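For clarity, chains are labelled A, B, C and D in written order, and residue numbers in each chain start from 1.
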């Protein structure tokens, strides 16, 4: 997992708490905030944006990622999320799939150790007060994932 | 339909063309750009952000709307969209549903005429060169829509 | 709009009421049922299937349509829907988009009159007791829709 | 992981191959089939049902699950999937989230050993010829998942 500096972690913590305040969640009353740190150094925020037709809602993590992509940032250092739960809630499967699309190629290697860098983007999950956090790579949260390679492997058959 | 100034229209046209350049669409190769004008005067951009798992992709319009909501803007003057099609392509049903959530209450009335302002947010659809456009209100694009009222009506039974 | 016989309408009404009883909606408590009449004469049912991650839920209409397609039926005569609302609630935008995909080609014409049969699939919306209904074609519910033609027009540029 | 009999495995293998033939995938050309074995003994099939608006498409696994739920089956023994890829492709994150909703409570225990039965529903992933398969529990594919508990924990704060 790529290392984050204490300053970067503090920035993500402060940012998720602020991002969460914009949550539009009249249906679940479950406020989610997200902060996405791009390789460029820019931080993108997201909140959940629900809909009366529940499946048309969009999560905080996907709000942050589409925002970043739409502004030219497609490579990321870390993504942090906070919810109203006292435990460290994790991104849903939809968001894990979207994070995974931008988590790097399966074939990347660490330039120093030569070890494979398999989808190592860290996902930082805060509890509701941001007093605790849990960190997992996207590969740990969505192991044996379905990705671009699956489509191209099939096309090559 | 609320009137847009020439300056606002020109701004939306210029902005969708730029927004479209950020499209992440390796699967469809169909680039979509969006520009969303908030009542605050701020313009939010969006592009489509596709996924190897096609249903996990997000459209340009929803990128722009979630971006606005996540930054505190939830009231809008107009939304514009452009695609790679030579005709004036329209938002998909998913996006129409999301636009509708933020298009105002069904009970709003025009302060001058007293006429109902039923979901009158204008949707401006440009052709691929932005030389032509088609304008419809969200009520015209998603008539007899499903909205927050449907859920509360049911709860009141 | 294609004509339905009284017998077909009665069958759809009876079927939506039964389909609704299977709704899995612990989050919204809003039960939706669907009945889809295929050209083959077979009737497919659907209910909403919600998810703790709200956007991962699936509506009744899409349940019925995917069920039909997965069993080889892709041409339809009518789709009916019922909810817990005392008014005749309509399908959300996501479902309208999915219905539209299977509502026929824009170029079809009535063999007798020669008039265009533009996406004329009827959508029958019942109120909660099925004592009232409202009928609209999918073209009326999703006018100027985004469809397969938009993608192929762009590819031809 | 719950044990499947050879007969059940053979049934799932035969069923996914057949289910895949119904795939509606004019956009990806990537055919996916699914077979879902309910505790009741009934087998439900699914295929991917794509849409010109890519995000409105639905995967094979979700087709099978919504079909089962809409017919009264909500407890499952196993889910199998096949794609056009020569490797054993896995369900996308959206489908993992939907499978997880019906994979049982986190508090269930094995009646014999007393060990926790944490979301042990087996997911069987076949390669394109069904000559190979990979099996993982849904907890292995979506570890530390977001589920109903997260919403109720927050409500209890």
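Points worth noting:
Criterion: a residue touches a chain if its C-beta (ideal position, glycine included) is under 8 Å from a C-beta of that chain, and two chains touch if they have at least 3 such contacts.
All values reported here derive from a predicted model rather than from experimental measurement.
When chain centres are defined as mean Cα coordinates, D lies farthest from subunit B. Between A-D and B-D, more C-beta contact pairs are found at A-D.
In whole angstrom, the spacing between the mean C-alpha positions of subunit B and subunit D is 35. Subunit A and subunit D have Cα centroids separated by 24 Å.
Residue positions 27-28, 51-53, 56, 58, 92-94, 97-98, 146, 150-151 of subunit A each touch two or more of the other chains. A complete topology is adopted by the chain contact network, contact being made between every pair of chains.
Of all residues in subunit B, only 28-30, 83-87, 89-98, 100, 128, 134, 136, 140-146, 150-151, 153-155, 157 touch subunit C in the complex they form.
On the side of subunit D, the complex with subunit B involves touching residues 27-28, 50-59, 92-94. Only residues 19, 22, 24, 26-27, 45-47, 49, 51-53, 56, 58, 60, 62-67, 69-72, 74, 94, 97-98, 101, 146-148, 150-151 of subunit D touch subunit C when the two sit together in their complex.
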